[in-house]
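In the part that follows, the structures are each spelled out as structure tokens.
Look at the two complexes coming up: chain A is in both, with chain B in one and chain C in the other.
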Partner chain A sequence: MPMIERKQVIPGDVIAKGNHRYGPYIEKRGDEYVALRVGLAEVGGDGVKLNPLTGPYLPRAEDEVIGKVVDINGFGWVIDINSCFDGFLPASFVFGREFSPSTHDLSSKFAVGDIIGCRIESYERSRDPQLSIRGEGYGRVDSGEIVKISPTKVPRLIGKRGAMINLISEKTGCDIRVGQNGVVVINGSPEGISKSANAIKMIEEETQAPDLMTRVEALVGGTGSG
Partner chain B sequence: MEGQEVGEGKTKLIDESGKRLDGRKWDELRPISIQVGLMKNADGSAYIEWGKNKIMAAVYGPKEVHPKHQVLPDRALLRCRYHMAPFSVDERKNPAPSRREIEISKVIREALVPAVIVEDYPRTAIEVWVEVLQSDGGSRVAGITAASLALADAGINMRDLVVGCSCGIINNQVVADLDDTEDKEGSGDMPVAIMPNLGLVSLLQVDGIYSREQFQKAFELAIAKGKQVNALQRAALNTRFFGGEAKTTQVEEVAE
Partner chain C sequence: MSMKKNYVVETIRKAQMVQLLASGKRVDGRSLDQHRELKIETGVIPKANGSARVFLGNTQVIAGVKIATGTPFPDTPDKGILMVNAEILPLSSPYAEAGPPSEDAIELARVVDRGIRESKMVDLGKLNLVSGKSVIAIFVDCNVMNVDGNLFDATSYAVVAALRTAKMKKYVIKDEKAEATNELIQVPVEKTPVSLTFARIGDKVVVDPGAEEEASMDMRITITTEDGGNVCASQKGEASTITPAQVLQAADTSIRVGKAIRAKIIEATK
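The block that comes next holds the complex of A and B.
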């Protein structure tokens, strides 16, 4: 079995030397790979990686996010996606090509304050991210409890191929939807929702615990109520 | 006395056995303790006690820039505010920013900017607030040390941590880490901030009269002491995130 080296690093630390492929939050200086964030670095077969432990959500194309409508203008909706940039959902993506500001009423589709599940269509440095609701499951979120976690903890909450989130979902009988921006929507029975929310908070607080999966299982316990 | 040649004050700051007023040797630092991540409502924060200094640093952002005309299209706007609480000194200080505080805000910003990768956050603002709750000598370097930890805690991409230390001249002798009395009565103060892993200096201010040799000695001493403070700074950040020293482990790769 190939071995991976796991390192706890802070900004300025050298993760590895030599010639590797490397991911985000890493800078190459000469033949050294330097961490730019506090996080867990991995040096292994597929290069140098850094999973940050703290930080804001920065949009990436293809991310699924959950946001809130904060403003409507003539051409679309401005959506708060829990980032330093507001997302923009153009009306033509919702009404189609024949959209005209005079015939369509934008607020009848999504009003200010609505929660919307959407996908980041495109994002460049020079412009705010553009959102889209094309595809299955996107659109207004009508019910559920919203829990916010740090966006850097989202991969841990989802787990390997969805293992963690499926576990919580199965045990509590809730439908849980996770946005890459750290917004989580839980639907289900009141007890289920409170159990899931507790489990999610625990994952956020104890991201690094090695036995996290078993502890989450103990917390949500028993069989689901729905 | 040799010490009375250059701009000497009234107090004798070093005795015959080489001890300073608070009992330190010439190259000794005051006690330092640092904590990271104490403020819940800030994106990142740090608290430092350095001698009698008690300084809180908080970071907010990246966030939208207001007023809008200040937006930088290709990078983040880093804003710094150094402020002394009215109760931080013996005689009540007017809370309005003084000339000195405005200057220190500027130099702190300029000391931090080279470490922060501002290009990663275009069109945003990152705000750094340095609040001095109790002041002693060397509060700007303590502020820089805490502010860089707060930035790392906020998860802003950084090339390196920034750490500061001041040196100076008292009784015509180069010493490390001046306290308030030594700063006022002594004849020179030299705050230096460095990025230890990059080996770069990001702040160098000097006042007083130095000979070439004294300047060289003070500058090198400030860098050496800065590295010593950096060890404490790293330990504080590691404690916050890893509950102690940073570890390296070998694990077997899980086959996909």
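The block that comes next holds the complex of A and C.
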């Protein structure tokens, strides 16, 4: 496996030269790959990648997100997905092909203010992201405490193969659901919720700390059913 | 891209809020009659006659006073002019837009203006220069820098603090004409009105609603009191109702809590 090289970059920094595959937030100028955001750059087997330190949630197809219904129109729900774009959940994805605006009452299914776990069905830059609740576990979230973190910190919160989130979940006995858009819903005992929320906030604030896992463990370690 | 209309509180968050209120608590840990932390800075705009910046929790408002001479209104020929204006800056909230003042900004200015005017805070009679021809005009312009609920009270405190610290030129009358001198004097401030806004959520009435509480409230009422403990202005908002007992209780709370806030404003504007 090739060595992965990580370095901090600011906009304008050259991350690599030559011929690579490259991801978002990077521009190719001649044979140089230039960073467009402040973040950590990686050059490895997968090409050139840049993980920005801040920024809004940019929708990606197949992402699982947690959104809030902010409006209902005749054909579906407008969902705030904590992004610069509003998501749209078409009624036909929920009621099926026989959906008709005159016979189905959309607000009886999801009302304004409801929290919905959903998946980004498709997204291209010319249109608002389209959402879907097809699949297991998607749909209205009926209880829990909502915590929002910066979407760029989500990978760290989840950890390698879910190590970090599983740790918090096991130690606090809470069920934690993380949307790729930075919205987290925690269910459990009041003490567990408050512990988990503190741990999540710590991860958000100290994302770059090398011993984060140990410190999170110390923070949530006290009680737990895990 | 659709435009965001207004803040929507999550259904589960609102349920939590109602549950907490039933036991006399609020989502941010305050008691029902507790306002958020209030911070007042004065003299923040060097070129204005008077200015103040108020922080009420995360709500932030800046007020500036401009004093000039003007022609009195025909129905009050021997009284000065006082005008309060407010604007909600586009940067202050995702729901504020640039352009002509919104309905909310106009209501904000009117409610604040009414509290100041009806308390007789500024003795407008002392602003008369030449009856029917020339009076001193005081313009207070407010800019909301950050919206986190209860703009009414934050703006009112900013205006009161700015007026209390405002200085104007002394005028002398020569041949029926007002002439400015270089001497600076205080604005004739007689009272310190304090506005207090209440939100009714379900059957509970809370003081100084935050953004989440404002988005879930059924109705709101702003009650302004003056130094003597008298109610001098009030304004009800939103479509729903309030019981007479709740109004009376709110008035009592406004007098009691207002007293402490008044002391704070006076301390900050010494």
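Descriptive notes on the structure:
The rule is short, and it goes like this: the second predicted complex is superposed on the first by the 220 of 226 C-alpha atoms of A that agree within 3 Å, B and C clash if a C-alpha of one lies under 4 Å from a C-alpha of the other, contacts with A are read in each partner's own complex, and residues count from 1 in each chain.
Criterion: contacts are C-beta pairs under 8 Å (C-beta built on N, C-alpha and C of every residue); 3 or more make two chains touch, one makes a residue touch a chain.
Worth saying up front: this structure is predicted, and the values here are computed from it rather than measured.
Annotation for chain A, partner touching more residues between chain B and chain C: B.
In the superposed model, A:Ser100 lies in contact with neither chain B nor chain C.
Legend: residue contacts after superposition of the two complexes on their common chain; A:Asp80 is shown touching chain C, with no touch to chain B. In the superposition on chain A, contact of A:Pro56 is made with chain B only, not with chain C. By the touch criterion defined above, A:Ser108 reaches neither chain B nor chain C.
In the superposed model, A:Ile146 makes contact with chain C only, not with chain B.
Overlaid on A, the two complexes show chain B and chain C touching the same residues of chain A, namely 85-86. Within the complex formed with chain B, the residues of chain A that make contact are 1-14, 25, 27, 34, 36-38, 44-45, 52-56, 58, 84-86, 125-126, 152, 208.
Note for the complex: chain B touches chain A at residues 43-44, 61-64, 73-74, 115, 117, 120-124, 152-161, 195-198, 234, 237-238, 241-242, 246-253, 255.
Those residues of chain C whose C-beta lies close enough to touch chain A in the complex are 1-2, 4-5, 8-14, 16. Interface of chain A with chain C (complex): residues 68-71, 78, 80, 85-86, 111-115, 128, 141-146.
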